[in-house]
Structures are given as structure tokens and as C-alpha cells.
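Heads up, the next two complexes both have chain A, just with different partners, chain B and then chain C.
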Partner chain A sequence: MSPMAVDGSLERLRREGRIVVVGASLAGLRAAETLREEGFTGTLTMIGDEPYEPYDRPPLSKQVLLGRVPADHTALPRSRAIEAQWRLGAAATGLDPSAKRVALADGTSVEYDRLLIATGVRSRPWPNELEAGLDGVFVLRTRDDATRLRHRLKAGPSRVLVIGAGFTGSEIASVCRERDLPVTVAERGPAPLSGALGSVIGDVAAELQHQHGVDLRCGVMVTGLEGDGVGRLRRAHFSDGGTVDAEVAVVALGATRNTEWLAGSGLAAGPRGIACDAGCRAFDVRGIVADDVFVAGDVARSPHPLFGYRFLSLEHWGNAVAQAEVAAHNMICRAEERRPHLWTPYFWSAQFGVNIKSVGVPNMADQIIVSQGSLGEHRFTAAYGYQGRVIAAVTFDQAKWLEFYQRQIEQAAPFPPPFATVDRRTEGMRPVPAGFPDPSVPTHGPQVTVSGYSPTDQRVTFTPAGHGRQA
Partner chain B sequence: MRVVVDLNRCQGYAQCAFLAPDVFAMHGEEALLYDGQPDDTRRLDVLRAEAACPVKAITVEGAGAAWTAEGAGVSDGG
Partner chain C sequence: MTSVALLGQILDYANRADPYPLYAELRRTPVVRDESGPYLVSTYWEIHSLLHDPRVSSDVRNLAPEAKTAPAIEDPDLPPSFIRLDPPDHDRLRRLIMRTYGPPHAPRRVYGLHGEISGIVSELIDRFEGRDRIDLVDDFSYPFPVTVICRLLGVPQEDEQRFHGWADTVATAVEPLVGTPEEQQAHVRAVREARHQLAEYLSGLIAQRRRAPREDMISALATDRGADESPMSLPEMLSNLTLLLIAGHETTVNLITNGMLTLLRHPDTLKRLRADPDLVIPLVEELLRFEPPVQLLPERTTLDDIEIAGTTIPQGASLWLVPASGNRDPQRFPEPDRFIPDRPDNQHFGFGSGIHNCIGSPLARLEAQAALAELVRRLDNPRLVEDPPPYRHNAVLRGPRHLPIAFDGLSR
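Then we have the complex of A and B:
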């Protein structure tokens, strides 16, 4: 095809093409806005499994559970009109990339010229279905989850058990204490947040929980949830033989990517997300990029040049926005105009009155140094180092410094930082091990195997892994 | 009226909490809580807060020139 013909078909796509976005949350909405912003005038279809138009999730575990605002006050503002065909409350159930068609749960299907997959994640459920079905056992991911849990917290349960002390679990525990509810937190790691931030900072998070009256149990797993005679949660059993009586349990064991609907599509999609290139084009199971299928948001796994081309899958608000904008741009531009997704990971959490923020990829680090402030005062900046360069930074109530550290990360600045900083405290500038779990422990990822010896015989077989995982 | 704050950008300057205290509130030293759907009568205060934010973290629906009347709710299609 001559360049002229390619341009002609691109012009046609931009003018009267059909773009389908599967996933009507933050990434899907921002992509739709960007497509219109950049001049796409064709048909835009937004498919979402929930009956609601795009809403914001971070407030659900904070102001919504606190009872400050109702869950339906979280609908996202529009930066512009997107004139979309909305298919809400209809989950996508299948993808046929050769026919360029998405099948929906209501039996209909939608054809596309370009597809954006932004189906995000859902909370990992309690693995025992009978126990998960007990009255009083919750997860927190959607608007409806938040409404139900808020209602139950308002009723004043005798005790709440939070299973898992990652960011969501810790935020829920914080809300419980603010509502003056007794709360037990069970975490299998050595400290809260230790999977994301390491145990040095995890120990500070543990102190915060203790100070605020949380009954924190680390290094234990919940082995069973016990109901009473009428199916209400009564008690939880721990791996150390202990028990706790609770009327409410919130399962906060992280999330699993919404990729099951892509089984059989040939895309490199599994429980860890959909692999794509830095330009948001999806990989198929052979590792070849698709020209018309794009991925953005929590469900995407893309290589980042700053972090050794490691495939990052980020459940971050800012990533959903930035990646959606890049994907939308690349969907309707010429090859030489494509942009890479070079966003530096950034996230925040508010818990126990402290604003926790992070930039970079902390869990890549081997060492950590408190460069400003003091761990003991719960107000500090910690820089994370990986093989002699700054790879991440985390602040507790010192958000103003993050932008500076973002530049350090982007410039591959040396670690430990050679410069003097303001507000340095008694811990001194001494790097210590960051305390992350051993990455060689097996994960629940899918497998690709290559068979055959000669190049013409070689076959790639993709084996999806189960989405479930023991708590 | 809809509002969202990019809390990655937010650095806790608290200008918004000063200008529209019933919509934006500090939680602790620098974490921000806000109502994403304040009453329309608060519009002027919210727009002032948006303008005053030193890091431009606040987005208010209808505040930008590119926005056209789409209305609240899912009104543009099936």
C-alpha cells in the first residue's frame, strides 16, 4: 500500500471510523475525551459492565466510607462532550480480533475499526465461596460495594476484621477507627504496606495503626470465616491458632485483572493484565503487536524504558489518565506520530491522618534512605535505590518534595543521594535494606511455552493461570 | 455540578479548603477530602478554588471552554 493510501484510510478512520472502548471507568472516559479532542468524528461506543457512567474510585475507601459524601457523588466530570453510544450494564464477553467484533453479555455484538481495552481490575474475592457468602463479608471496589459497606459500618458492628493491610485495607481500617469502631487487621506480611513500600516504611505504617488503636496482627493468615446458625459472620480463625469475633470482614487482598473475557482472543491477556508495547498496542500470545487493539489503565502491562523495560501493571489513578491519553492519540495518528507512555508511576493514600505519596517503583529497590524528616515523627521523605540509582521516593506528609525526586528518578540520579537536604534528622544519611519480599517466590502468572526445534516447527502455547489465589 | 481533584498533583496548599470549606476539607496535615458533586449553589466558590489552586489539580465540569452542554447523567446515547 502506498503512503498516500495509508493516509487516506487514516483520514477515513478519523472521520467516519468506528472506535469501541471496553471499560467505562476513568481510563475509558479519558480516552474518549482525548479521541474527540484530537478530532475523531466517527462512531464511539463505550461498553461498561456496571450500570453507572464513569465514576471516581479513590473517594470510596475514604470520604464515602467515612459518611462524608454519598457513593453516587463520585461521577467523574467531563472535560468535554464525547457524544458516545453508551452500552452500560452490559459486560463484554468475547473478542474476535479477525472479525473485529466484541460480544456482549446481552447477546449483541459491536464491530470496530479500532478497539481500546480498559476493563480494569476487580477485587480478589475471599477464596472460599461459602464463607465469602456469609452476611457481613465484603469487598470494596465498586460504588455498590462502598454503599453496602458504608451502610453496615453506620450500623455500628461490634468489630470489623480487615483481611490484608495493603493500601485499601489500611484505609478501611483507618476509617473504622475514625468511626470509633473496633477493628482487627490481619496481614500475612511482616508489616502493613510492606509489599508496596518495604518493611522499613511498613514498620512506620504499623506504628500508625497501633497509635490509632488498631488490633494489628502481622505474619498471620486468616484460615477460615465462621458463620452463626443463620449465615451471619461470627468469627475468624487465624493461622497462628488465634480467633477474633467480628460482625464485618472486609476482604482487601488486592485485585485481579478483568481479562477472562479475552480467553480465546489470542491476546497476551492473563491475571496479570494484557501485555502491550509502550505505545499501548496489545501483544498477542506470540509477542507480536496488534495494529488495531489498544490497552490502557489498570488492565495494561507495558514496558517502561526508565525501569529497565520492565512490564509494569499499575493500579494508579494517574496512570489510567496518562495511558488512556497516549492510547487514544496513537489509535488515530500516523505511525511516525505515535507517542510512548513514559509516565512516572505516582500514587497517594490517605490513612490515619497521614498523606502517603509515592513516585517511581519502590518495590524494585534494594536500599532505602530517609533523606528528609524522620521516621519517628511519621513525617519524612524516603528515597529508594536500585543498583546505585534513585528508583523511587515515598513521602509521609511531605508531598511537596516528590516532584524533585521524580526528576531524580527520570535523570537516573545516583543513590544514595550525594546532596545535602534540608530537614535532615537523627536517623542520618545511611542506606539500609528496603525489606521487600523475595521476588523469586512463585507467582500466579500465566505460562507461555515454546515447542519444536526448527524455526518452521516452532509453536507458542499460552496457558492461562487461575485467577483465584489463596489468602 | 461535578468536581475531581488530581491528588497526585495536590500538595496540600489548602487554598480550596479556605475558599469552599463545605466542599474541600483537609484531613490531617496535608491529605484532602472533597465532595465530587457539590450543590450548584456552591459553583462560584468551587470555581474560585479551582482558579486558586497553585498546582492546578482541580477539574470542574463545565469550567473549560471545550465543554458543551451534555448535562448530568448519561444523556448522549443508549
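Then we have the complex of A and C:
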């Protein structure tokens, strides 16, 4: 095929092609907007199993539960008209990549020239189905979940049990205290947030919970939920033999990827997500990238050059947006114009009056140093180190420094930070173990750095292992 | 090591009306040591990066002895104000101020002044009745923000006049000293004298409001007990209130005056604004980029060697950031020398950036938007009388000293 012909078919795709997006939420919507922004004029079909137009999830565990914003006021703002055909309330049930066809639950199907998979994740349910069915047991992922839970919190239950003290669980506990509801938090790990941020920071999160009157129980598992005679939650049993009486339990045990509908499609899709390359093209089970199937958002698992090409699965709002934009761009551009998804992981949370932000991949780290501020004051910046370089940072009410640490991560700067800064305290003079349950040990990979400020001028510099950067 | 001698030219009054070509020359080397000593940083991304760099200090006590260029101009009897401090002291003071000034504790403080601001604007414009010429600075820009800041703080109206004198004198302190040693000393003395009088006055007011608190910000500060930290001491209140008064006053005068000047130089934009008053919102942002009231951020320093854009700035060096130049950096803003009132993606340095970003920005925006929209609506056929107008001496807080405007009449 001559380059002319390739260009001709790309032009046709951009002009009158068919693009199908499965998963009509944050990533799906941002991708659709980018496609139009970049001049795609063909047909665009948005398939989503929820009945609602795209809405925003972060407020669900914050303002919505607090009663400040109604759940149906969370629609995502639109940056432009996307002129799409909406198939809402219609789940995709199957994919035939050779026929380029998506099957829907209602028996119809839609054909595509390019497909974007953005089906996200769903809450992991309470494993015992009978117990999960008790009145008063909730999860929190969707607008409907939030409406139901908020309604119940408003009724003033005698006690709320939160199972799992990750970000969502901790935010829910914070809302309960703000509503002056008694709350017990059960966490298997040594401290809240310790899976994501390690136990050094986890201990600060625990202190915050105690200060705000949370009955926090760490190092225990909930072994059973007990109902009363009419099927209402009454009590929870813990692995240490203890019990707690509660009318409401919120199961916050993380999420599973929505990939079941891809079974048999030949794509590398499983419970950990769909693997794709840094250009957002899906891998098939052989490990070969597809040219016409793209992935973005929480459901994606993509290799990040900055972190040893490790495949990262990120459940971060900013990641969904950035990856959707890259995927959309790459769907309709020439091969040499493709961009990599080089987004440095970034996440925020609001709980117990503290604004928590993190950048990078904390749980890759072996060490941590409080580089500014003080853990005791609950206002600090901490940097995470992995094999002598800065790999992540977290701030508690000090978000203004995050950007600096992001650059440090992108430049593979040495750890511990060797320089003097403002607000360095004695406690921040020496690194300590970060306290992750299972320090991961990728090999001595090549050295990769990212430079540039905007997606268009970002560059990857690759230095093979053992070369350059002498100590 | 490359070095230039541009700082002298930038500070030279002869270049006050149009420093932008000098900035363009400066940007050819993003980070450069000026012959006179300081390191100058003039490009957008480098300024941005240093404003967010925890190795950069705003505390002059961290300057190496040989880098100290001017005698300390702050009042030696008062603690440094929060813009002259680093975290954690800076953060504590800023938090305490924010408790009385902004969300979440005082969310209505600024917006609550909305109606009052419109009232002051109308009143000042009404006084143009029967004239066909005004000096925008003396007749409008100058009296306006000082009135607003007095209302915000709770300074009684009858004392407002005295603030003009004090604020004017104290603001000259940000400029490097010029003239003979005797002249310099006299200048320093005059500034200290004005600061003392202001401090004395404010102490009296604080004591009064402690006894009988009102709804104003001074009452809130005077009675605040802090959350989990010690509340402000009286000396801390005095130095920070002085700062708010000056920073909230001089800069807004310049923003409004530069705004009218820019509009009169761009008659099409003026016409557009008249037809579409909502344009004033993005227009003020563009103004903050195009003619920022704070041109330079002098005298920061480095706590460690910092390598940036191929240059190593040594620890303790005097660091001068030039946000007005970053705002015109073609690497960041397409067609930077054009005034585009609805410019998209306008992340300018008009209010700085990073931990010291302007605490008064919500108020300044509100004032400039109200003033420009109303001036443009009411002045019939306004024209510049002289261009460029005469400028004030100050190179840091740059703006016209007078802005004579001729017009045909006044609309209601």
C-alpha cells in the first residue's frame, strides 16, 4: 500500500468513520470530546450500561454524602458538543474483533472502525451473598449507590461500620463524623491508607481518625455480618473475636475491572484490567497490539516508562482524563503522530478536614522521608524513594509543593533529596522504611526520564541500564 | 558565565513607559547573572518552576552577605510580614489571615463587598459630571482601592485620607535605592517614619475593636484565637496589616490605570467591551498578563545550589524573577505582545504563583472588573491626551503617575 492510500483511508476514517465508545463515563466522555476537538466528523456511538449521562464520581463520597450536592447534580461539565448517538442503559455483552462488532444486552450490535474500551471498575461486593443482601449493607461506586447511602445516613443510624480503610472507606468515615454519626472502621492492614501510602503515612491517617472520634480497628478482618429476624443488618463479627452493633455497613474493599464482557474476544483482558501499550492500543492475548481497539481509564493497564515500564492500573480521575485524550488522539492520527500516555500518576482525597494529594507511585517505594513540615502537625510533604531515586510524594495540606516533587520524579532525581529546602525539620533528616506490606522488586531496568511540559513536547530519554548517570 | 547589564536599564526611569523590549532581550538567556549581582530569571517555565521550588526562599536573612544589595527596608521594630517569610512561619500567618478573609471560615468577606464596590465606583464617576477631562489616577484609580481596603479592614472613612500619604511612602520601599548615600538614607528614614505612624494608628484601632468587635476584618483578626496554633501577636498583626494595605492599594491603582490605558490604545476592544460588559472578566485576566501591576519579584534567594536552564544559581544568591517578562514569553503565549481580551489558556503571573501567590487576587479582580466595565460604559468617546503618559518612578509596582483622559460627556 502506498503512503497515499494510507493517508486516504485515514482521511476517510476522520471524515466518515464509525467510532464506538463502550463505557459512557469520565474517560468515555473526555475521549469523545477530544475526537471532535481534533476534527473527527464521522459517527460516534456512546454505549453505557448506566441510565445516566456521564457524571462525576469523586463528589459521591464527599459532597453528595454530606448532603451538600444532590446525586443528580454531578453531571460532568461538557467542554463541547459531541453529537453522539447515545445508547444509555445498554450494556455491551460481547466483542468480535475480527467482525469489528460490539454486541449489546438488548440483542442488537454496533459495528466500528475504531473502538474505545472505557468500562472502568465496579466495587468489590461483600463476598458472602446472603450477608451482602442484608438491608443496610452498601457499596459506593455509582450515583444510585450514593443516593441510597445518603438517604440512610440522613436517617441517623445508631452506628455505621466501614469495612476497609482505603481512600473511599476513609472518606465515608469522615463524612459520618461530619454528620455526627458514630462510626467504626475495620481495616485488615496496620493503618488506614497503608496500602496506598504505607504505614508511616497510615499512622498519621489513623491519628486523624482517632482525633475525629472514629472507632478505628486495624489489623482485624470482618468475618461475618449478622441480620435480625427481618433481614436488617444488626451486627458485625471480627477476626479478633470482637463484635460491633451497626445498622449500616459500607463495604469499601476496592474494585474489580469490568472486563467480563470481553471474555472470548481474544483481547488481553482479565480481572486486573486490559493491558495496552503506552499509546493506549489494546494487547491481544498473544501480546500483540491491536490497531483499532483502544483502552482508557480505570479499566486500562498500561506500561509507564518512568516506572520501569511497569504496567500500572490506576483508579485516578486525572489518569482517566489524560489517557482518554491520548487514546482519542491516537485513534485518528497517523502512526508517526501517536503520543504516549506519560501522565505521572496523581491523586487527591479530602477527609477529616485534610487535603491529601499524592503524585507518582508510592507503593513502589522502599523508603520515605518527611522532606517538609511535620507528621505531628498533620501538615507535611513526604518523598518516597525507590533504589535511590524519588518515585513518589504525598502532601497533607501542602499541595503547593506537589508540582516540584512531580518534576523530581520525572527527572529521576536522587533520593533522599540531597538539598536544603524551606521547612525542613529534624524529623525529616533521615529516610525511614515506608512501611508497605510487600515491597516490590522490579529488576535493575533501564533509566528513563520524561521532560517537557505539555503532551506535545514531552520527550522520553532512554539510558540503558549500567550506562550514563554515574554515581 | 554569561552576564548582562540589563537590570540597570530596567530600573532606569527612561525605560519605564515600555520595558517590554528589554524583557525580550533578557529572555534570550532565561537565567542570567546581572552585572550588578542578582540572577535574573525571565522566561515563563523557569519562573514557574522557581516559584514552586522549595529551595527558593523569600526570607532575606538567607541571602549570602555579599549578595545583600540594599539596606533592609522593612521596619526593624516589627517582625517580617508573611511575604518575607518561608514556611512554616509564612504558612501559619497566611492561614491566620485567611481565617478572617476567605473560605472556608470567611467565605463572604470579599464577595460581600460587591455592592459597596459598585457604589464607590458610581460615586467617583458621578463626580466627573460637567467636566470634559479627568486625570484617571488622581480622580479615580487612587481614591478607589484605598476606600475599598479601608472598608474591608474597617478603617473609619474619616481616616482614609491619611492612608494615602502613608501607603504612598511605604510602597516606595520595594524599589532599589537610588541617589547619593544621603538621599538613600533620607528615603529609608521617610519610609520608617510612615510605617511607624501607620502602626501606631492600627494599634489603636485593633485595641478599640478588641473591646467592641464589628463585622470587619480587623475585628476578626483582633479576636481570632487560631485553630490549633497560636493566634497573631500584635506586632505580627501590625506588619501584616501594613502589608495588606500597601499591597492591596498600589497594585490595584496600577491595574485599573493600566487597564484604561490599554483600552484607550485598543479602541476596538473598548467598543467590544461597551457592547458586551461580560467581556471584562477574561479581559482583566489578559490585562494581568499584558500589563501586570507587579513587574518584578526582587530579592528571593536560594537555600541550595539550583540548576536551571543550564545555569547553576549558587546558594545564597540574590534571585530576581521577572513575571512581566514571563507573561510575554512566546514559548508560553502565542502572539504574546498582542492584547487579546478573550485569550484562552491564560495562566499568567499577574498574581504570581506558588505559595506566595497574591492573597488579594479575588478582591483585585472584583475591583478591576467593576471599575473598567463602568468607566467604559459611562465615559462618552474617551481619548488619551498624551501617550505615553508620565509614569511613577517605581519599576516594580509599575504604572502611570497621571492618566489624562478627554471625553465628550457622561452617560447615566
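Operating definition for what follows: the second predicted complex is superposed on the first by the 436 of 471 C-alpha atoms of A that agree within 3 Å, B and C clash if a C-alpha of one lies under 4 Å from a C-alpha of the other, contacts with A are read in each partner's own complex, and residues count from 1 in each chain.
The rule is short, and it goes like this: a residue touches a chain if its C-beta (ideal position, glycine included) is under 8 Å from a C-beta of that chain, and two chains touch if they have at least 3 such contacts.
What you are looking at is a predicted structure, and each value in this text was computed from that prediction instead of being measured.
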item	value
Which superposed partner A:400 touches (first chain B, second chain C, both, neither)	both
Residue contacts with chain A in the superposition, chain B compared against chain C	B
Contacts of A:63 with chain B and chain C, given as first, second, both or neither	first
Partner chain in contact with A:348 - chain B first, chain C second, else both or neither	first
Which of chain B and chain C A:81 touches, first, second, both or neither	first
Touching partner for A:318 - first (chain B), second (chain C), both, neither	first
First (chain B), second (chain C), both or neither touched by A:372	second
Touching partner for A:422 - first (chain B), second (chain C), both, neither	second
Contact residues common to both interfaces of chain A (with chain B and with chain C)	379, 400
In the complex, chain C residues that touch chain A	45, 49, 52-57, 86-88, 91, 303-305, 315, 354-355
Footprint of chain A on chain B - complex, ascending	2-4, 6-8, 10-12, 25, 27-37, 59-62, 64, 66-70, 72-74, 76-78
Complex interface listing, chain A residues touching chain B	37, 53, 56, 58-59, 62-63, 66, 68-69, 72-88, 317-318, 321, 346-348, 350, 352-355, 357, 379, 397, 399-400
Chain A - residues contacting chain C, complex	371-373, 377, 379, 381, 400-401, 403-404, 407, 419-423, 453
